[in-house]
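Take a look at these structures.
The same chain A turns up in both complexes below, where it pairs with chain B and then with chain C.
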Partner chain A sequence: MDGLGERATALERRVMPEEGLDQLVRALARRGPVYGPVRQDGATVYGEVEGAQDLDLRCTPFTYSPKALLHRPRQVLFRAERAEGFVPREPEEDGRMSIIGVRPCDMSAIAALDQVFSQEYPDPYYQRRRQNALLAAVNCVEMAEHCFCTSMGTGPGLAAGFDLLLTRLEHGWLVEAGTEEGCAVLKEVESRTATDRDLQEKEELIRKAAAGAKKQLQTEGLPGLMRDRFEDPVWKERREECLGCANCTSVCPTCFCYDAYDVVNVKGDKVERTRCWTGCPVVDFARVHGGNFRSDRGERFKQFAYHKLCYWKDQFDRLGCVGCGRCMTWCPAKIDIAETAQSFRRGGEAR
Partner chain B sequence: MSRHAANPLKPEPAVIKAIRQETYDTTTYTMGFREGERANRFSFEPGQFNMLTLWGIGEAAISLSSLPGGNGTFDHTVRSVGDVTNALRRLKVGDTVWARGPYGTPWPLKEARGRDLLIIAGGIGLAPLRGVIQAVTSRRSDFGKAELLYGARTPADLLYTTEFDDWRRGGLSLTLTVDAVPEGARWEHNVGVVTTVMDRATVRPGGGVVMVCGPEIMMKFVVKELLARGFRPGEIFVSLERRMECGVRVCGRCQFDGRFVCRDGPVLPYSDIKGRVGTML
Partner chain C sequence: MSKPKIAVYKLASCSGCQLQLVNLEPELLDLVGEVEIAYFPMASRKTVPGPYDICFIEGSITREEEVEVVKKAREDCRVLVAMGACGTAGGPQGLKNWARVEDFKERVYQRPDWIRTGEKSLSPGEKVKIDLYLPGCPVSRDQLKEVIVAALLGRKPYLGDWPVCVQCKMNNNVCLLVASKTPCLGPVTRTGCGALCPTWGRGCYGCFGPCEDANVASMGRILRDLGLSPEEIVRRFRHVTSGAEAFREGAKLYEGQQD
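Take a look at the complex of A and B:
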C-alpha cells in the first residue's frame, strides 16, 4: 500500500546510535546550511540548525512546510538599474543546502511542486534551489490530530524521492540512503549495517502509526464528487466561517500562487522585481481592471478547496492535497476541507 | 511539451517605432525587439499576448493587436487603466519597453480557412481581433463570409476608425453600434448593445467560426444569443481576460476551474468553458 513505505528504494540501509543524529547534521552542515524543524515562539518552523539539539523531530504539524525553502515566500527575480539601461540581472545563486526532517506528506508536496515548476517553461528560481537541496526525510511514527496522509497515500512512511530517510527506532536511528550523495553523507557518520530486524521494526512502527490515523478522506472519485456538490449548501456555511485570511494557502505545502511587483529605491534608479506568495482567499487575487472574478469570499474559499481536491487532478493528474492537515490546524475559523469533502460521502451535514 | 531553457520571466528590450492615439484613453504602439534574431523576425499569431515591463512600474499582460510585421514589428493597443498602461502613455517613439512572449492560444484562423467568419467585439476587445481582421482582409479569398459586429460605449470609444475603410475594401462587412451617443456627437449607425445588431449577421451555424472578445459580461450575452440562434459551443471562440503575473502557467492567478487562462487560453472554444465554474459565461 502507498504511504506505508515498506518497500522504500534505498541504496544503503544503516543504523546509527542516538548520538549519530548530531553527527549527521554536522556532516550535512559541512556541505552548506542545514534547515530543519525548530521550535520558535511556541510553534515548529523550519530554521537553520547546527546540531541535533536544535531539531524538533516530534510528529507535529510544522507551521511552514519545506515549500518555503524551495519556493521562497519572497524572491527577487531580477535587479535592474537605470545606470545599466535596466538590463535585468538575476540574483546570485544560493549554494548547496540540506533540509532535514522532511515528513513523507511534505515529500509528496515537493513532488507536486516539482511538477508545477517544471512545465513547458521551467521556473529557474525553484529549479535551482531544488537541485541544490539534499533532502533528509523522516518517517512518521505517530499521527498528529489533523493528519490524514493515510487517506492521501502520502504517509506515514516514505517510499522514494529522498537522499536520506530516517526512522526513529527504539534504539537509534535507521538511516536509508536513496542517492549516491546520501550514501556519501552516511559514510561520515558512525553506524552499522541494518539488519532484517531493524527493517521489521521500521515497518511495524509505520504500520502502528498508520493505524493511529484519526482523520479520513475517501479520495476515490473525489474530483467528480466535488463537482457534483459545487452548489451544496455546506459551502454557504463555509463562506460565513471563512475570514479570508489566507493562512491556509500560506501553510499549504503545495500552494504555489504568487504576486509579482517592482520594488524601487527612493531615487527611482534601482528596481527589484520581486515575487511574493499570495493565495486565492486574498480579496485582490482575481481582480482585473473593472471587476473581480471572485469578489465573494465564499467563492475565494471554494477556489482553495476545489483547487486542492478537484482541479489539481485536471492540471497535474493527482490531488493537490497531501493530507498534512496544516490548513485546518492554522485556520482561525477551524474550517476543515477534508471533513467538508468527506461529509459528502455521508450525504450531507458536516462541519 | 517542449521545454524552454532560458529564464522565462526575463524580458527583452523592444523599441517603440510608432505611436498612434486611437481614442482619448487608448493608444497603439508599434514595437520591435532591439536585439537578437527576434529584432527582425518575431513570430506570433493573433490572439496571443506579451508580458510588457516598464522597470519600476511593473509588468502586465497585453494582447498583440496585429499580424507580425514584415520587419519583426508587432502592435499593442493599450487602454490606460492600470499602472503599466498609464505609464506607457508617457513614452515616445524611440523609447524602450521590455517584453516577453508570445504566450497563450491564438484565434483559430487555420480552422476558419475556407469557411465563414463572424467576429463580435466590444470596446478594447477589438484589439486582439485586429490581427485576425488583417489576415482576413489581406487573404480575403481564403475565407468565406467575413463579418464584424463591433460595439463600443460611445462613438469616441471606437478603435481603429481610420482603418475601417481599408477593412471594408478588403472585403470585411462592418456593423457598428454604440451604447449611447452623447449630445452633439455624429452617429449614423446603430444605438444599443452589440446583441441588438446580431440579427444583421448572415453567417449561419455550421458554416464557420465565431470569434468573440469584449468584457466578460458582454461575451456572456453574446454567447447566449449565439446559442439561441443554433451555433454550437465548439464553433464559438472567446478570449478571456484574467490577472496574470507570469504568462507561463505558474503564478496561478489566471486560473478558473482547472484551466490556466495564460496557457490553456486566452482564446478558448466555448465548449471548453461551458459547464465549468469561474467564468460568467
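Take a look at the complex of A and C:
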C-alpha cells in the first residue's frame, strides 16, 4: 500500500460530465438509501443524500468519518419477551445502502474494521451492515491541514477495495468501477470511456495533493519507539490536558469499542439489549468486578495513543491509525498523538 | 409477595424531579401495578406508613427542620436515592452558599421579610448516607425508570457515568466547542440527558453535575482560551450544581481572579 493509488485496480474506467454526479447519486438511490458527506453546523458529517446538491466531497478540516454507518453508535443486539421462558428475537435487518464520498483514509479504516469484526469474534451486526454497503470512494485532490495519510500509506489516492472510485478532474469526474455492481451502476449514468490522458490527469492530481501534505508521522519502527518512551515525561503533560471525554475515540474511524446494556420494561417481561460506543478515555471503560485497571486518566489517554500507534501492530499486524487527523481536530484540548509521537524523533518537546 | 413500597420526599426544590416520576407515562400504570406508591404527597393523598423499600428524595436542605425530614427518610427506607441537582449538589439555590443570602432574598422576592431560609443549601448527602445519586435538572425519565426497574430486578442500575461528549458524538452532533467555539461543559459533565443541549445547538450547562474524574483544570483553560473571563468561568461551574466537588474546585481555580 503506497497510498498514492495512481493505478487503481478497476474493471472499468469512465468519465462523467459535471452533471453525472447527480445521476450517479440517483442511480445509487434506486438501490436503497444513499449516505454521503453533508454540511452541518460548520462541519461535514455523513447524512442521507438525494442528489449531488446535498454532497460536499471536498477534503475539509472539520469532518466526521462514515464509521457510524457501519459500526452503529447504538445497535440493538436482540429483543426478547417473556413467554415460556424468554424468546429472543433478532433485530430487523437493514437492506442495501450506499455510502458515497468515502475518502481513501476512511477506506483503509473500513478495511481495519473489517479485520477487527471478522477475526477472533466475528460480529454479525457489523458484517451485515458492511455487506449491505456499496462503497463509492473519492480520491483526495487536496489535503487538509491535519491530514497525514501520506505518512500512513493510506492516501491521498486509493488503490483497491471500492465498488466505485471518483476523482474530480478539471472537466468532469473520472469514475472507476472495482466490482460488478459498480459497473452496473456506472451503466445507468451518462459517461464516456476514460482515455490515457484522463488517467494521467488523475495521477498528476494525486501526486500534487500528496506533495502538499503538511503533517508527518514517521512510522518506521514506531511501535518500538513508543514502547521505549512509555515512561516519557510528555505523557504527564498529556495527562493534565486530557479531559477523558472520548471525543478522540468517537471520531476515530478505526476505534471499535463498545459497551452493552439491557433496557427492561417496568413489568419485567420485555428486554432489549443494546450496545453503544464507548472508548478507553472514559473512566468506566476499564472498570471490572473488583476495580478499575485504568483508574488514572493519564493511563487511559495512553491506552488510546498506544493502541493506535503501538499495540494495534501486535493485534492486527498494522497500525490502528490511518492518518485522518480527526482525533486532534476534534479534541477539545487540542491533543495531537501524532505530533507527540513524532516529537520523540526530535528528541523531546512539542505537543 | 407484597409489592415493594416507594416513597418520595421533598425538600427545597422546584418539584421538577418528582414531576418526572409522574411523567413516566405510558408505563406509569404498569409501575403502579408493580410497586406500591406508599408516600408521594404530590401525586396521591394516600399515605402508607414505613418502612419503605425505595425512597427518592428531592431537594436540598435549606432549613433546620429539613434535616429531620432527611433523617426520617433514612430511617424509613432501605434504599435512599437522592434526586436532581438539588438532591445531589445543593441545586441552583446553592448559589447562596457563595454569596450573602440577604442579597438573594432582596433580589428575588418582593417581600424578603416573609422569607424564612437558612444561610446554606446542603444536599441530603451532607447529613445522611445516600445509596444512589441520580443527578439532573431535572432527572431523566429513562434513568429514573432504570433505577426502579433495577431495584425490582435486584441488579445495579445502568446509568452510564461518562461525559456528555460520548452521547453527543453518538447523536452525530458537530462539536460546538470545536467547530463554533461555543463554551460547552460536555467534557466534564455526566451524561444522562442524552446530550440534550448540544443536540439543539447549545453548549452544555453542566446540569447533571461533574462526571467521574472530571478534569476541571483543563476545562477551565479551554474556556479561558475561548475568551471567557475568570468570572464567567466561575459562573459556569457554579450554575446549578455548585455544591458538586469537582465543579467547586473548578470555580475555585478562577475565583477572585482578574481578567
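FYI, the second predicted complex is superposed on the first by the 344 of 351 C-alpha atoms of A that agree within 3 Å, B and C clash if a C-alpha of one lies under 4 Å from a C-alpha of the other, contacts with A are read in each partner's own complex, and residues count from 1 in each chain.
The rule is short, and it goes like this: a contact is a pair of C-beta atoms (placed from the backbone, for glycine too) under 8 Å apart; a residue touches a chain by one contact, two chains touch by 3 or more.
Just so you know, these numbers come straight off a predicted model, no measurement behind them.
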Partner chain in contact with A:Phe230 - chain B first, chain C second, else both or neither: first
Touched partner set for A:Gln218, first chain B, second chain C, both or neither: neither
Which superposed partner A:Gly268 touches (first chain B, second chain C, both, neither): both
Contacts of A:Glu90 with chain B and chain C, given as first, second, both or neither: first
Touching partner for A:Phe256 - first (chain B), second (chain C), both, neither: first
Chain B versus chain C as contact partner of A:Gln200, first or second or both or neither: neither
First, second, both or neither for A:Thr9, with chain B first and chain C second: neither
Residues on chain A lying within both footprints (that of chain B and that of chain C): 259, 261-262, 264, 268, 278
For the chain C and chain A complex, residues of the former touching the latter: 27, 30-31, 33-34, 145-146, 148-149, 152-153, 158, 160-163, 165-166, 169-180, 186-188, 201, 211-215, 217-219, 221-222
Residue ranges of chain B touching chain A (in the complex, touch as defined): 1-5, 7-11, 13, 53, 55-59, 81-82, 96, 98, 215-216, 241-243, 245-246, 248-253, 255-260, 263, 277-279
Contact set on chain A toward chain B in their complex: 77-78, 80, 85-88, 90, 116-124, 230, 256-262, 264, 268, 271, 273, 275, 278, 280, 285-291, 293-294, 303, 306-307, 310-315
Residue numbers on chain A that touch chain C, as the complex places them: 40-43, 45-46, 62, 64, 68, 73-74, 240-247, 250-251, 259, 261-268, 276-279, 282-284, 295, 297, 329-333
